[in-house]
Amino acid sequence: MAINWFKYSAPTTFYGLAGKMIPWFAFSAAILFAVGLYIGFFIAPMDAQQGEFYRIIFIHVPASMMSMFLYMVMAGYAALGLIFNTRLSAMMASAIAPTGALFTVVSLWTGALWGKPMWGTWWMWDARMTSELILLFLYLGFIALHASIDEPRRADRAAALLAIVGSVNVPIIYFSVKWWNTLHQGATIKFSGTSMHIAMQQAMFTMLAACWLYAIAVALARVRSIILERERNTVWIAELPEVKQ
Amino acid sequence: MKKSSMLDLLVLVIRRDLVLAMRRRADVLTTLVFFVMVVSLFPLGVGPELSMLRKMAPGVLWVAALLASMLSLGRLFSADYLDGTLEQMMLAPQSLSMLVLGKMAAHWMVSGLPLVLMAPVLGLQFDMSVQALGVLIVGLLLGTPILSMIGAIGAALTLGLRGGGVLLSLLVLPLCIPVLIFGTGAVEAISSGLSVVSHLSLLGALLVLSFVFTPWVTAQALRISME
Amino acid sequence: MLEVSNLACSRGDHRLFCGLNFSLNLGQIMQVQGANGSGKTSLLRTLCGFMMPDEGDIVWRGESIRDLDEDYYAEMLYLGHLNAIKDELSALENLRISAGLSGVVLEEQEAISALRRMGLRGREMLPTKVLSQGQRRRVALARLLVSDAKLWILDEPLTALDVGAVALVQELISEHLAQQGMVIFTTHQPLQVAGIEMRSLTLS
Amino acid sequence: MISLDVWMRENPLTYVWFGSYAVALLIFAIEIAMVVHRRKITLQQVRMMHDAGEEE
């Protein structure tokens, strides 16, 4: 088993494997999105307090969760790359970053749209939204640092260290923002607290699964480009059918 | 020949950086003037009502201190990097983290401490009460070293990069948010008659955490950047 | 003492050298030769531990320098292209600080006599920004006099030096070798050390 | 802004759809386009490099 593991962690094997997996992930993501939206809009009942507006959560909550998960996954890959000096992990980390940042943007955007009918304002400095904004800054810092170092090896390692420092900081930031928020009596509206309708839960989890599959598909597609760029001088790249034409 | 201990080396680095700072006084003064100027601009921007200024004061002073320390961070390692001293530091027979700690300490004495000393004067411009000023100073005393320490990581990561200064702020500012929150929170707490112990002890905890981890992380960042 | 086996190094995409083997023992000197861009400086920087080799091992007294870390650094001295000298400090302060960084507490008298031997009499207290390029290099080279490191790694030690200073450096090197020291260096100028076989390593 | 508020209350589903889901899907579409474009560009560059290498 151990041998197989290392085999797939080499860019050469991974490139082909990723190419075969992407359509599957993309296809199932599309199906799950459709199913999730169907349940969310046609089966899940209207919420007593929030009316139809609550349906934003089917995209908002999965996007927020993804943005945080992806940062952790990215930091994990970065740490692996830094400790074991594996090239592929560092490439994965930099392939995940843009997707994570975009999920953060989606989460902020949908949060604002949900906030307008609920709070009467587009932006509320509540703990979750503020943390999400800071998370976006962390993603942007990672991407900017990686982009401004020309030498790939140094870029990978420097950005990895930043991601690790960031991931240690995320809980501290989250805690401090929450603390700050309670001090200022900020509004935190909970989704109609008592019990979520079963269909609502189903819709949310389906959407979350769809987001996961989508993120994996996009990250894999991006990492394939990165592998091509980094390894362009090697023989195996020259022998790829898509390069030979 | 006498061998030096770890402590000797720490003292040596701090003394060296202080001497250098004294001979390049303009750099130190620029940071301080920047701080004073940014703080003085706020009343011009938002109007002179004292009640509002009093409420804003801790936030304004803290944010200005944050920006001012970003300004001086770019120089923390770059001069030593350009003239080769950093190479020699990495070859020192003591741990690099220790040398980094020395540089952080010197950086704080040169760019953090003057801000702390200047803060009460600026606080008076904003009509802060004596109590609030006292808490502000304690908060800054605990918080500015953290800014130097977290900033050092960013400075090490952006060493020798084009446009490093702006990038440095982009990397470091989000990481400094907890310091800002607890620092300003303490002043607000005392102004509304609450206890400041929890805020200040959280700041203290952050200081201890940074003291333990950031020198090592910065040393790793320097190794990455020097390769 | 110093053994290098199967060393490979690259800069970006470009492989500089691979499969490099050599060893250096007490009292030996080795010149690294090669055209510009052949990786001489990279090799020296790898020996200092700044760069991680792609493959291979560097072993000092039977242990990898990665594991030795500070114990290795205590026994080596590196002089690179950069002088590691601060313009604002005097020659004396510069020398005492660099000695301090390499773990040696240097008394003022020792530092002054080292600088005088390097031909900087009367300039010890001047800020180094008023010195010429060659004189600054001499300040940097004065570190050789006050160090007790076994292994010297010198990258182009002779740049900007006049004939007298070159002779002085040769003298320092032969003294160091006579005391069972080791030297690895690169140079584009001829450097002779009397009575000792000069080994050479050519990178291509 | 008041008219927006009124419109929003009257057509909540349109608001939710066009405000959130359409924008989110648009963001995803842009990301997919970027990834596909990057793949195309990278492949082109790699091919160009190899063509240049063979001519030497």
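Letters A, B, C and D mark the chains in the order given here, with residues in each chain numbered from 1 onward.
To be clear about the criterion, a residue touches a chain if its C-beta (ideal position, glycine included) is under 8 Å from a C-beta of that chain, and two chains touch if they have at least 3 such contacts.
Treat the numbers as computed from the prediction; the structure is a model and nothing was measured.
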{"item": "By mean Cα position, the chain sitting nearest the middle", "value": "B"}
{"item": "Which of A-C and B-C has more C-beta contact pairs", "value": "B-C"}
{"item": "Distance from subunit D to subunit C - Cα centre to Cα centre, in angstrom", "value": "55"}
{"item": "Centroid distance [mean C-alpha coordinates] between subunit D and subunit B, Å", "value": "41"}
{"item": "Cα-centroid distance, subunit B relative to subunit C, in whole angstrom", "value": "36"}
{"item": "Computed distance of Cα centres, subunit C from subunit A, in Å", "value": "49"}
{"item": "Sites on subunit D at which at least two other chains make contact", "value": "none"}
{"item": "Subunit A residues counted as touching two or more neighbouring chains", "value": "153, 233"}
{"item": "Residue numbers of subunit B (touch at least two other chains)", "value": "227"}
{"item": "Of all residues in subunit A, those that touch subunit B in their complex", "value": "134, 137-138, 140-141, 144-145, 148-149, 153-154, 157-158, 161-162, 165-166, 168-169, 172-173, 175-177, 179-180, 183"}
{"item": "Residues of subunit A touching subunit D in the complex", "value": "37, 41, 51-53, 55-56, 59-60, 63, 98-99, 102, 105-106, 109-110, 113-114, 116-117, 214, 218, 221-222, 224-225, 228-229, 232-233, 237-238, 242-243, 245"}
{"item": "Residue ranges of subunit C touching subunit B (in the complex, touch as defined)", "value": "48-52, 70-71, 73-74, 76-78, 80-86, 88-89, 93, 97-98, 100-106, 146, 148"}
{"item": "Of all residues in subunit C, those that touch subunit A in their complex", "value": "12-13"}
{"item": "Parts of subunit B lying in touch with subunit A, wherever the complex brings them together", "value": "153, 157-158, 161-163, 167, 170-171, 173-175, 177-178, 181-182, 185, 188-189, 202, 206, 213, 217, 220-221, 224-225, 227"}
